[in-house]
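Each remark here refers to the structure printed beneath this line.
Each chain gets a letter, A, B and C, in the order it is written, and its residues are counted from 1.
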Amino acid sequence: MWKKTTIAACCVLPLLLSCADPGTRTITWAVGKDPTGRHQALVDAFCRRHPGITVKLLEMPESSTAQHDAYVTHLAAADQSIDIYSIDIIWTAEFANAGWLSPLGGHVDTLQLKEFLPGTVAGCRYRDTLWALPWFTDAGLLFSRADILSESGSPVPKTWQQLETAAARLGAKHGMTGYVWQGQQYEGLVCNFLEVLWSCGGDLFDSTGRPSLDSPEAAQAVAIMKRMFDGNASPPGVLTYKEEEARQLFTGGQAVFMRNWPYAWALAQDAAKGSAVTGRVMLSALPAPAGRGPASCLGGWNLAVSRFSKNQADAVALVEHLTSFEAQKDFALNGGRLPTRSAVYADGEVRRAYPHFEQLYAAFRTARPRPVRPDYPALSDEIQLGLHRALAGNVTVAQALRELQERLMRMTSPAARRERGT
Amino acid sequence: MMARAGRIAIGAAATVAGIVMLAPFALQLSTSLMPSGEIAAGRLLPSALHLGHYRAVFSAQYSFPRYLANSLVIAGAAALITVLLGSAAAYALTRVARRYALPVLMIVLVSAMVPQIAAVSPLFLLLRALGLLNTYPGLIIPYIGVNLPLAIWVLYGFFRQLPPELEEAAAIDGAGFGDTIRHVYLPLAAPGVFTTAILVFIFCWNEFLLALTINTADAMRTVTVGIAMFPGQYEMPWGVIFAASVVVTLPLVVLVLVLQRRIVSGLIAGAVKG
Amino acid sequence: MVGRKTYLTVLLLAPSLVVIGLVVFFPLLYSLYVSLTDITLRSAGATLVGLRNYQALLTDQRFVAAAVRTLGFVACSVTAEMAAGFGLALLMHELGRGRGLFRAAVLVPWAIPTVVSGLTWRWMFNDRMGAVNTILGSVGLLEEPLAWLARPATAWVAIIVAEVWKTAPFVALIILAGLQMVPSELYEAATIDGAGRWRRFRHVTLPLLWPTLFLALLFRTIDALRVFDLVTVMTGGGPAGSTEVLSLYAHKVLFAHLDFGYGSALTFALFLLVMGCSLAYARQAVR
C-alpha cells in the first residue's frame, strides 16, 4: 500500500510541480558567450516586464562552428529543451528549410521591419517568409593607418589599384606589411571575395538564379585579389590568415591597411589589449574599381524560434524584446555590439559614446547579405576551395573559375535541388 | 668507462628531447604571464610577471573552477571504471576463457574504429532517451565505451606477459581469487594498469565534441569546452587561452607524477608484503 | 566446474561488452542505416535509397583525394610517432637522475587539450609572428619568412610536426609500460652472461616488446586515420584543399551541408578504411 502511494506520488509530483503555478513559464535561449555579461541584464529587463516568464540562458562557445555543430545535433533530434537559437545569418535559410524554425510572419508587425537595416532583414527572409529577427550586425571595412597616410600625403585609397600601389609603397617604406585581409580557405574568404566581386558589379548568381562565376567580373575580382600578394601589397601568408592574424599584425603596428570587421576597431583603440596604434587608425568603406561604388559583406547574428519550442508565444516575445530599440541601445552602449535598427545609430547618447558609428552606418546601410539559400554552406564550401585554388596558384585563375562554375552548376541543377529537397 | 659515457649520452639526449617536447608549452606559459601588449610585440619572455590573464580565467564571468571539478569527476570516474572493466575483461581473456580471446578482441577493436563524428547524433538521441543529458553519467558512460577497446587491448597484452605459474603457486598456498588478484597480479601489472588509467584519463579530460553537445548547461561543462568559451567570435585572447591551458595542464601532469610514485610503489610494496 | 568458469567469464566480460555495444555499436548501426537513406533532415521522412550514396562515393573525386591524402598522412606521421615514441620510452627507462622531470616533459604535449595545441602550432607557424620562423631565421636557416601553411608541402610538414609532438608521448607511455614489465631476472641473467647494453636490448628486450610495439602501432593508426581537430584548427583543409582529410570532408557534409545520408556514407567508408588498414596487423599484435 505504502509502496503504491509512493509510486503514485512520484508520478504525480512532477506534473503538480510543472503546473503548480500556471503563471510561471520557462523559456531557454541558446547563445554565444558574451564576455561583457549583457545577456543576463537584457533577460532580466524582459522578466521584469513579463513576471510570469523565467528565461534560462544557455551560453555556448562564441565560435560559429562549435555553435553550429551543437545546434544541428539538438535540432536534428527535434529537441524541445531550447526555445530560441541565436544563429549566424548564413544559417537562417538552412535551418528554415530543414523545418527547424517557426515562421515569424504572423507575429511580427511588418511595419516595424522597415526600422531595421535593409540587408539584415533580407538575411532573415527565405521563400517570402520571415524566419528570424536581426539581432546584431557586422560588415567588412577598410582600416588604414591615418598617421602613415598623412605623413606621406596620401589620400585614403578609393580604388583597388590605389590600395595595391599605396600598400606596396608604404609597406616597403616603413618596413612593414602593406595590406592584410582574410585569405585562408574558410567562410571569411568568401566574404572578402564577395566584397571585391560586388564592387566590380558581379555576383554569385545572375537574375535567373544561375551561378555566374564565368562572368568577366568574377575573373576581374579574383585577379584583383591575386595581384595583392603577387605585387607585394600583401604577404604570401595572407592565404593563411583569418580575422585575428590580420588584426594582430595591424594593431601591432605591422600593417598599413587591413580589411576586417568592426570588432577590430575597439581592439585598435585599446592599449591594454596590446594595440600599438591607438588614435592612429581610420575607418572607411572598402575600395572599388574606378568609377564604381564600394560593397560590403554583411555578417552578424539573428534570433530565431525553434519549431519544437512548446512556448512559441513567449519565445517570440523575448525575440522581439531583444531586438527592440532599448535592448539594442543597451547592447551597443554596454556590450559593444552593432545594432540592426537604424534609429540606434542616430541616438544622441550612442553617437557621443561611439563617434565612429557614423562611418559604420554608411557601410551597413548598403551592406549585402550572402545568398540566402539553404544550400549556401555547401556552395560556400566549394567556392572557398575553388578560390583558394586560383589564389594559391595550383591552377590558372581561368581554369579554377571554370571548374568552380561547373561544380556550382551541377550543385544547383534542378535534379540536384530536387534530391536535396530545396 | 663505457657505462659512464653511455649515461652522459643518455642524459644529453633526454635534455634535448625534453626541451623539444616542452617548447610549445613553455611558449604558452611565458605568453600567459605577459600583458597583451608584449604578446602582440612578439616577445618570447615577459618583462615582468603579469597575472592578469590568470585572474581573467578565474573571474566571475566564467565558472572555471566548476569546469575543472566537472572534468576531474568525469575523467576520473571514466578512467577508474574503464580500467576496472578492462582489467576484468582482460583477465577473462588471458586466464579464464582464452579461446574466446581472438574473436572478442577483434570485436572490441572494431568498436575502436568508429569515427566520432558519426557517433555524436545517435549518442545524443540515446542519452536523451535515458534522461542523461546534462549529467555526469551522460559523459562518463560514452567515455567508458570509447576507451574500453584501448584499455582491454593494452591490459590484455600486459596480463599475458605475466607467467600463469604465479597464480597457480598462490592457489596452492591457499589464497583466494581476490587475494591472488590483489597480491599477485595487480603489483606485477601495476605499470600497465596505471599507464592505461593515465591514457584514458587524459583522453576524457581532453574530449571536446561530445562534451559540447551532451552537457550544454554551464554547471555541467568540462574544461575543454570551458576554454572554448574564452575566444570571441573573431577575437583570440591568447593570454587568457594560454593561462587556461596552463591551469588545465600543469596540475594534471603533477597529479599523474605524484600518483605514479604513490600508487605504483605502493602496489609493489604490497606485493613484497603479501 | 565448467559452470563456474562460464559464469565467471560472463561476469568478467559482460559489463565491457554491454557498454561498448551501447555506446559504439548502436551509433554505428544507426549511421549505417542513415547511410542507406536520403535523409538530409530537410525533408520530413527518409526513403531507403539502397547503395546509391556508396555509388556516389566512387565517382566523388573529393572523397578519393581525401582518402589518398589521409593514408599518406597516416604513413608519415605514424612512422615518425613510433620512432619518436620508442626513443622517448627508452630514454625514460634508462635515465637515472632527472627521470621524474623528463617524464613530466614527455607527458605535457599529450595532456594539453588538442584544440589548444592546434591553435598554438598554428600561431607558431605564422609567417610574420610565429616562433618557428623567428627561431629558424635567427640561426640563419631561413632568409625570408616562410608562409608554412600557405603551401601544400610545408603545410603538411607543419601538421605532421604538430601531430608527432602531440602523440609521441602516447606511444612512449605504452612502450615504457612494456619495458617496465620485462622481468628484471631476464636482464640480470643476460648481464651475468656478459651481454652489453645493445645485445641485451636486441636479444632480451626487443623480442618481449614486439606485442607492445604492435599495440601502439595499431591504436595510433586507428587514431591517425580519423585525425580531425588538429587539421581543422591549423589549416581548415587548406591551402586549396590540400590538407582536407577524410574526417574533415565527412564533417563538412554532415554538419555544414546537412546531408546526413551522404555524410553517413562517408563516415562509414572511413570506418571501413580504418578496419582494412588495422585488422591486417591486429592479428600480429594478438599472436
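Following the convention adopted for this analysis, contacts are C-beta pairs under 8 Å (C-beta built on N, C-alpha and C of every residue); 3 or more make two chains touch, one makes a residue touch a chain.
Note that the structure is a prediction, hence the values are computed from the model and not measured.
Q: Please work out which of B-C and A-B is bridged by more C-beta pairs in contact, and write that pair.
A: Comparing B-C with A-B, the pair joined by more C-beta contacts is B-C.
Q: Tell me, please, which chain's centre (mean of its C-alpha atoms) is farthest from the centre of subunit B?
A: Using the mean of the C-alpha atoms as each chain's centre, the farthest one from subunit B is A.
Q: I'd like to verify one number: the distance from the centre of subunit A to the centre of subunit B, where each centre is the average of its C-alpha atoms, in whole angstrom.
A: Once rounded, the distance between the two centres reads 38 Å.
Q: With centres defined as the mean C-alpha position, give me the subunit B-subunit C separation in Å.
A: Distance between chain centres: 16 Å.
Q: Counting only residues that touch at least 2 other chains, which ones in subunit B make the list?
A: 42, 121, 125, 228, 236
Q: Can you list the subunit C residues in contact with two or more other chains?
A: 129, 255, 260
Q: Counting only residues that touch at least two other chains, what does the list for subunit A look like?
A: 69, 76, 248, 252
Q: Which residues of subunit A touch subunit C in the complex?
A: My answer: residues 68-69, 72, 76, 94, 97-99, 177, 184-186, 235-237, 239-240, 245, 248-249, 252, 254, 374-375, 377-378, 381, 385, 388-389, 391-392, 394, 419-422.
Q: Per the contact definition, I'd like the list of subunit B residues that touch subunit C in the complex.
A: 6-7, 10-11, 13-14, 17-22, 24-25, 27-28, 42, 44, 85-86, 88-89, 91-93, 96-97, 100-102, 104-119, 121-123, 125-126, 141-142, 144-146, 148-150, 152-154, 157-158, 160-161, 188-189, 191-192, 194-196, 198-199, 202, 205-206, 208, 223-224, 227-228, 236, 238, 241-242, 245, 248-249, 252-254, 256-257, 260-261
Q: Under the definition above, what is the set of subunit A residues touching subunit B in their complex?
A: Within the complex, subunit A contacts subunit B at residues 30, 32-33, 35, 37, 58-64, 66, 69-70, 73-74, 76-77, 79, 81, 242-244, 247-248, 251-252, 261, 263-264, 267, 271-276.
Q: Flag every residue of subunit B that touches subunit A in the complex, lowest number first.
A: 35-42, 61, 120-121, 124-125, 128, 133, 209, 212-213, 216-218, 225, 228-229, 231-236
Q: Going by the contact rule set out above, which residues of subunit C touch subunit A in the complex?
A: That would be residues 38, 40-44, 126-129, 145, 147-151, 235-242, 252, 255-260 of subunit C.
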